[in-house]
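In structure tokens below, several structures.
Two complexes, one shared chain (subunit A), two partners (subunit B, subunit C).
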Partner chain A sequence: MEQPFTLTTEVRDARLIISTSGYVNNVGGEAIANEFQKHYVSGVREVIINLAHSKVVNSVGMSFLIEIIERLSESGGRLIFTNLDPAVEKMLAIMGLFGYAGKEKTVEDALSALSTQS
Partner chain B sequence: MKEPVVNTTVVDSATDTAVSLTITLPRIPDIELVALEGLERLARHLGIGEEKIGEARIVVTEAIINALEHAGGAHPSVRVEFTISSGTLVVFVRDRGKGFNPATLEDPVIQKKLGTQSKRGWGMKLMKSLSDDFRIQTGKSGTTITITKRMR
Partner chain C sequence: MTSETISTGQSRTALLLPPAYRNLGKSTSLRELAGRFEAGLRELLGDVQVDLLHRPAVSHAWMNLITGAPADDGSLPDGWNGEACAVRQVGDGQKMHALHRLGDDSELCLIMRRHVTGVDTSESGIDSLRLAVTTFDSAYQALLHRQHEKALAFSLNQRLLQLNSLIETGIEIAALDSAVSPIHLALERAVAMTNASQGVVSLYRDENVIERIAFPGEYRDEGRTPGERCISAEFTFHSVRYLFMLMDKESRAGVTAFEGTDRLLLDALSRQVHASLENRYLLRQSLEKQKMEQDIAVAASIQQRILPSVLPTIDGYDAAGINIPSKSVGGDYYDCFLLQDGRVALVVADVAGKGIPAALLVSSLQAYLTAYLESAMPLVTMAARLNSVIHRASTDDKFITAFIGLLEPQTGILDYVNAGHNVVYCRRTDGTIVELSEGGIPFGMLDLNLPYASGRVTLDRGDRLLLYTDGIPEAHNPVQELYENHSPLQEFVARVVPEKAEVFIRDLIADVKQFTADAPQADDITALYLIRK
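Presenting the complex of A and B:
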């Protein structure tokens, strides 16, 4: 069964990497948004959300990520999702999130993409 | 604490081509994961691929969390039934809530969600988009959602 939600964060070259594990429900989504906010107020505008270890997500959890997209759009920032399970990727596509956020296979790919775009 | 009630039936044990699972879930946090565990075991038993299992996981999760949110009564619960037969998954999710008018539900669009307080409301769209057939029966005594999804 899917494990309880946890997350880890890392900042590399002013880019925030949030890696999750377990079910991204309302609690998980809010935890991601809160972690983002802590770094956003410090000036971070490029964010990678690594969902490699979150195969189960729900729309309530994902709705918190729309808040992150909103904040970054307002401030010229960027969000990239990585390591998406194919079904989760399809879910985010149905929600239209890829019109406002990128997707890459790995965190390293996302860091490269952000470097190229800078 | 209320525990989920589970019944599993192998409909055709000779060929292992059809199985069903019925479960009643009380409204407690993350109880939908119990149903997902059952669904995944049934699907893998029948050799269903991981991508289809992943899509079914999303559909079932949305159906259950939506039903639990609207389930009524002193002890809110929802009844969930899965049947996988000939590569097709049929899911029934029933709550005993007050029902609703599906015509009043607006199709969510990301552009409209940005800049507003309401970021939620994606469940129905996801269930419809990831299934092959989606039906709602709703009334004052509750709502039943029936989802059909080809798994091969």
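Presenting the complex of A and C:
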């Protein structure tokens, strides 16, 4: 059974890693956005969202993710999604998010990618 | 509060946009736009204090776009007679209000203060202020347009996503292992596709809930019924009612009403689950049928091996036999074989029922019979033992009717026992028929030590014997008439007396087939014919 939405955050080398668990809907999306905002105002511009334990995302949750992408794009930041369930990956692709955000298999891969691009 | 209308109407003064204004087009929200505008205005006019108030309609409260707090009603202007743009000096010239109806009919109020030198109330100053407000309106319209375009693109992508998800879900449900319920996947997708807060599938049998599956989390809303905030779809399969319900469609602004598309999606997904359950059921049935057919083929093969492929040559006699199985595995058995003491065993048997159990029982009978006949025990003793062992080996509804004859070829003496089988006809050369019926109950019917009787008949030269199963007299034509009623077998035996046994068998089968015509063969047809030459 799907558990209530939770998230954990970690900052490594000024890069924010948000790992979620559960349904990314209005509640989940807002929680991600709030967490992002908290770190964004303190200068974090590189973000990794690890959706390993989120198999379902609805379009309201998606709209929060898009906002994060927009904020980062405006400020020259970057976002990478990791550990995507195939259904979620397809959803993000159809919504056009990978035109503005990256995707990697794991958080470590994402960290490497950000380091390479820096 | 005192106020004076200074000027209304169209702007007459062109003004170059200050650098801060050039970034207005980058704003992604009304508050961001207000912030950029306020900065631009201060850059343009110097040391002024600017407040920007906004309300969606007259009935709404004013909101300060700079602070994000509700505006203090006491400092706000009175009604302004519906003018498109009105600039008023308030009080002693230190404050001016510019009221403007924006392109979407919402209202903007710009409040500008300059405490030391006062605001510029000249015509040029008023025009500048009016132009500034108009600039804000243009930037606001551009923002709304961008937001609308963005929402439209998002909506189109969402429709595409829904369509794709519907197709993908159908494929994934079809590919699921049969041990995995398709309900969970369909429910997850239904919730995600429609932005429902939660979905639940309840399974009812006789109005009682037998299972409930919810996503996400546990079902928290007992007693909800379909309505604006709750949509449903359902189907019934094998007396179980599957009720899909989605609750509380989410939006960024809170809970909103479900749309027609949401109902269509839920309906489509529930139908996919229904189709999946039906397909699984049909597949399971098909596999079971396939397995059964394989078992039947094996059983039929075993049964055919039990039947004699060639009858033995008996000096002074001519024998022929036939077994035509019906589609399913039947329970007929016949045999004619020489015993070590020179006698000939003549056997015809018929198991009640068909299928694998019948075939197994025939196999048991054949094994016991072969062993008992070689032991030379009296026929009645053998019959009693066969009854007992068949009773133990069979279920209550299974038994075997059988005719067992032991012929001494040289004397023509035939000892027999008829265990509830069709009477065997012995045709004398004068055309009379002797019915061989001595015996007892079918083997395996009852194990009560009921005695069996044996009969004896002597076959003279030219006498004939027909052993058969009920597949011949009970053969029926397309209108369900019985062969026995149309053409009594006894009369056929009396009438048809060819020289060769195989000719009799051929003619008998031809007569039966002519009668039954296109009707499917319902039972095995078995016959054994013997002529003493």
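Here is the rule we go by: the second predicted complex is superposed on the first by the 118 of 118 C-alpha atoms of A that agree within 3 Å, B and C clash if a C-alpha of one lies under 4 Å from a C-alpha of the other, contacts with A are read in each partner's own complex, and residues count from 1 in each chain.
FYI, contacts are C-beta pairs under 8 Å (C-beta built on N, C-alpha and C of every residue); 3 or more make two chains touch, one makes a residue touch a chain.
What you see is a predicted model, and the numbers here were worked out from it, not measured in a lab.
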Could you classify subunit B and subunit C on subunit A, in the superposed arrangement, as clash or fit? clash
After superposition on the shared chain, which partner residues are touched by A:Ser73: those of subunit B (first), subunit C (second), both, or neither? first
Using the touch definition from the top, say if A:Asn58 reaches subunit B (first), subunit C (second), both or neither. both
Applying the touch criterion given at the start, work out whether A:Asp85 contacts subunit B, subunit C, both or neither, answering first, second, both or neither. first
Output check: A:Val44 vs subunit B and subunit C. Expected answer is one of first, second, both, neither. What do you get? neither
Considering only touches as defined above, state whether A:Gly99 meets subunit B (first), subunit C (second), both or neither. first
Taking the superposition on A as described, I'd like to know which of subunit B and subunit C A:Ala113 touches: first, second, both or neither. neither
Which parts of subunit A are in contact with subunit B and also with subunit C? 1-2, 23, 25, 55-60, 63, 66, 70, 87, 90-91, 94-96
Quick check: in the complex, which residue numbers of subunit C touch subunit A? 26, 28, 153-154, 157-158, 160-161, 164-165, 168, 188, 191-193, 195, 197, 214-218, 250-252
Subunit A touches which residues of subunit B in the complex? 29-30, 32-34, 36-37, 51, 53-55, 57-58, 61-62, 65, 108-111, 113-115, 119-120, 122-123, 125-126, 129-130
For subunit A, which residues count as touching subunit C in their complex? 1-5, 22-23, 25-26, 55-60, 63, 66, 70, 74, 87, 90-91, 94-96
Subunit B-touching residues of subunit A, taken from the complex the two chains share: 1-2, 23, 25, 27, 55-60, 62-64, 66-67, 69-70, 73, 85-88, 90-91, 94-97, 99-100
